[in-house]
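Both of the next two complexes hold chain A, though its partner changes from chain B to chain C.
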Partner chain A sequence: MNPDFTSYFWKTVSLVIAFFLAAPAIVIIPVSLTPSNYIEMPGVSDFSLRHYHELLKDNRWTTAAWDSLRIALLSSFLATSLSLVASIGIWRSQSKWSAAIQSALLVPLIIPQIATALALYSIWVQTGLYDTLIGVAIAHAILAVPFCIVTISSSLSNLDPRLDKAALSLGASHFRSMWDVLIPSLKPGIAAAALFSFVLSWDEVVVTLFVASRSVSTLPREIWNGVRENLDPSVAAVSTLLILISICIALVAWAKDLSVRAKSGERQ
Partner chain B sequence: MTRSQFAYILPVLLFLVLLYFLPMFKIVGISLEFPDFDLKHYVKLYESNAVRRIAWTTFVICTATTIITVFLSYILAYDLRFASPGRQKFMFMLVLLPLWTSALIRCVAWLILLRQNGLVNEALMFVGAIDTPLELVRNKIGVIVGMVHFLVPFAVLTLYASFRDIDERLMQASRSLGGRRIDTLSKVFLPLSATGVLQAVTLTFVFSLGFYVTPALLGGGRTVMLSEYVSVSVLQTLRWGLGTAICIVLAVLCIGLVLLSQRAIKRWNGAVA
Partner chain C sequence: MNDMKTRGKFLDMDTFEAVRIDNVSKYYGAVAAVKDVDCTVQSGEFLTLLGPSGSGKTTLLMMLAGFTTPSEGQIWVDTKDITHVPPEQRNFGVVFQGYALFPHMTVFDNVAYPLRLRKMPARQIRQKVEQILSLVRLDAYADRHPRQLSGGQQQRTALARTLVYDPILILLDESLGALDKQLRGELQQELKALHRQLGRTFVNVTHDQQEALDMSDRIVVMNEGGVEQIGTPRELYERPNSRFVVEFLGDSNLLPTSLAFGGTDDPSRSALIRPEAISIGASDTKPTGEDQMMVRATVRSTSYFGSDQLVEVALDSGLTLRVRVNSAHAIPIEEGGSVSISWERRNLHLVDN
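Showing the complex of A and B:
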């Protein structure tokens, strides 16, 4: 076979696979613009924003959006700050123990989410965290901590340890050196961790289904209920909004060259 | 480790130990009927026909998903490794786009595409390829499509990272010595990428064992995997013992597979070096 032909063949195949990956995001956007009550592709000229108008008027969706936003911000702050301080501690000590601690902190990555969900559910009910905003935010932060530690640690590994040692030997406290020397040089890593944990919380549904019930509703949870009851265009419209928000965050990250870093930090 | 260094690690340790590891131990306790040490729920797992059937379905789906995912990802990652910078950028965008959309929303989109009166069926009927709509969701096909779609980006990133470490000059050497393309690929590139493939296989399989959202939505209650069965056992039939026992088995399996594959990779690297 002609080598050029085979190489073109495989290149086409890989392009097709890449489009398979992008297909759902591409399809859901026009569907949300249908003027009809049912899910279908709108005709070329009859796009309509009516399902978006209905979203804004519907209490269910606006409350869920507000809850989601608060939970995501809180959980991102919690996960990023805890992980930042811990990663610096691990990086400074470089001992056998810190390596062991680091691998223990990554365990939640491997355990199936349903196990985490059950475990948190059983404790959240006892401690009064069940069905509260803070409870959901803490649950999401637990899921995000391993990712944040990986991301920030990989950023730290590019940092010269002598910077920290110089600051300490010149009389700075550990805290002062972290605040004035390390954190400024780690900004991209910290931003990646914060963005990533925000998106993780913003999209999370499995654990949320278990640790919340009536009084806290997040957007993914409402979408979940919507899909199970009946799939209508308003679900497509919310999904489109969520995709667009995620893409915007990804673009911001991309512009700052963080996106690949955050996502490749996802595995150990 | 000095005391002040430990003080930095302490908050996250407390946070995870109190709010994650302790609850985990609690469900281990529930599955063993703590304070007794009763293995009856684990025995029931083994004896129950329903659990066996669902475990088998889970295994079949995970295996199929892993094979398809790694195969597709290999093609993509290979292309990305040797693509021109422009093409590489474009392809990476397509690969990373789904990573930034949630599993849930991707399921919604797949439902829209694959259901009985979905876009794929309508398009196929419009073209005249089929007369009656195909059953593409509420069965294994739907679940596998959704899971493969979720996992390919992860596998591509894993494979791409390992392909990048392969020295291009080895392939040039093979070709300049008269090796055909297919020889260079199968005798030079493929063996060098073995550890990457093993990593991707482990990652995909371990991830797919714990899938909940995709099977629950695209399986439509007819194709049930273990995670969904756990949720039904606990939330609807209140069988905490059974549900937690399944969780523990799954978790142990996942950790075991990861450790096993790490050891195999170490041994392989040792053998090569």
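Showing the complex of A and C:
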């Protein structure tokens, strides 16, 4: 077959799949620009930013945005640092149990989220974490830990164990070796884990519905409420903003990765 | 006995008489990586652990460094038992295989790291690091990162990082193994000079017999987890005590004793004669002294190396011998030709079969 044709064929297939994946998200963008009071597609030349203006005025949304941001940052910090310490511990240990422990840490991945949510609800109510910012952040961190462990462990598997030993032989404690030698070498993996857990918390809704009610509200939760209570296009506007922020984070990560690659390339 | 196990404290010794490996074994499951090793490292010496891969030499070195705990036995620095002192408190230096330089730090920061851990003032650190970098001729490379260095420069950086805090014992794990032959030779000479200049104690692990013979005050030959023989390079080469040491160190011929000495055969032993201790002459040469043994042989093959050539000859009995002939004293040797070969009885050494 003509190689040009084959290449165009697969490019087209890729584009169609990409569009199929992105379409639901894309639909929300014009909806958010409608001038009407209902969720519907605007007319061809009939765009308005009124729902975005309303968002800024309505402190329900700004409070939710602020809560979401704080929860995402805190849960990202918790999940990343816990996973980092756990992964390094497993990596350092020569025990025959370390593989089993690693698998155990990944079990949350196969537990249905709704079951985790229910369990967290009952524990959070008993411990007083229910409906607190820190409670939601911890709940999100629990969901993120397996992802972070996978990411950081794969970085660690490329790391020469002799670096750690060298630091110890020079007189560093295990903590100093981790801080001075391992963490700087694992930066890309740690950044990926932090980003991953941030985004995971940023758009989490199932667990949030269970462990928070009135005093804490995240953006996805407010969207959920908005859809149930009054079908208001400001929900579409918030969703659009969420998508744009996620795209920005992904772009920053991608650009950073490119520059790191370019830098290490030129030093070779 | 465990007075040094106080956390956060370095092994508090400036000098020592000897490090003693006392009946040490290490088992992984049922497999003995190191079995009943007894050996002593004297202060100031350059000791090499020599053996094929899997002989336990690296495991033994890692037990000295503290990364591996012996299953049995103790390790002593003079009268102190350090068997369970963790590596970060031993104040030994280790140059790892592959060097393990910290990739995100410059050469300067790599070398300064152990001093920073010891909380030395910054000005003193600078002075000390510059001094050691000029000792290993890396002053011009202080701001480079490890990946910008050649293999030899990386090796010298790792050595500088180890020497900078004056460890009482320096452990080298195949530290020249990855380099090409010529560079390895140069670095061997440098390392020898450094050892003489600093008067520190080195324990080196290698599988390279030339490196071991050239650099060491003493060599520990290891095989299958145990010690075969300990001695100076000359002792091991001239008076090996087992067939393993004979075959591992240098080129060798093993002869039946009846042939080697003349007279009756001792089936329990063989006579070692090194290829360079055999002379080769024209087939009509006559013996010149009482001590000399001479036999006729046929030349099988010759290999020319410039400074010398290796000749393989077959005796009438079918036994083949390797003879090393110095090019300066060579007689014309043709493949298939008849020659007489001879050796002095005093150059023979008996080895148990």
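Heads up, the rule we're going with is that the second predicted complex is superposed on the first by the 237 of 268 C-alpha atoms of A that agree within 3 Å, B and C clash if a C-alpha of one lies under 4 Å from a C-alpha of the other, contacts with A are read in each partner's own complex, and residues count from 1 in each chain.
Rule of thumb we're sticking to: contacts are C-beta pairs under 8 Å (C-beta built on N, C-alpha and C of every residue); 3 or more make two chains touch, one makes a residue touch a chain.
As the structure is a computational prediction, the values presented were derived from the model and not from experiment.
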First, second, both or neither for A:176, with chain B first and chain C second: second
Contact breadth on chain A, by residue count: chain C or chain B: B
Partner chain in contact with A:125 - chain B first, chain C second, else both or neither: neither
Which of chain B and chain C A:69 touches, first, second, both or neither: neither
First (chain B), second (chain C), both or neither touched by A:133: neither
Residues of chain A contacting chain B in one complex and chain C in the other: 174, 267
Chain A partner contacts - residues on chain B that touch it in the complex: 1-2, 4-9, 11-13, 15-16, 19-20, 22-24, 26-27, 30, 72, 75-76, 78-80, 91-92, 94-113, 115, 119, 149, 152-154, 157-158, 161, 181, 203, 206, 209-210, 212-213, 217, 227, 230-231, 234, 240, 243-244, 247-248, 250-251, 254-255, 258
Chain A residues within the chain C interface of the complex: 160, 162-163, 165-174, 176, 180-181, 184-185, 267-268
Residues of chain C that touch chain A when the two form their complex: 8, 10, 65-67, 86-94, 96-98, 100-104, 113-114, 117-118, 145, 147-148, 161-162, 165
Residue numbers on chain A that touch chain B, as the complex places them: 3, 6-7, 10-11, 13-15, 17-25, 27-28, 31, 39, 41, 82-83, 85-86, 88-90, 92-93, 95, 97-98, 101, 105, 107-108, 110-123, 138, 141-142, 145, 149, 174, 178, 199, 202-206, 209-210, 220, 223-224, 227-228, 231, 235-236, 239, 242-243, 246-247, 249-250, 259-260, 263-264, 266-267
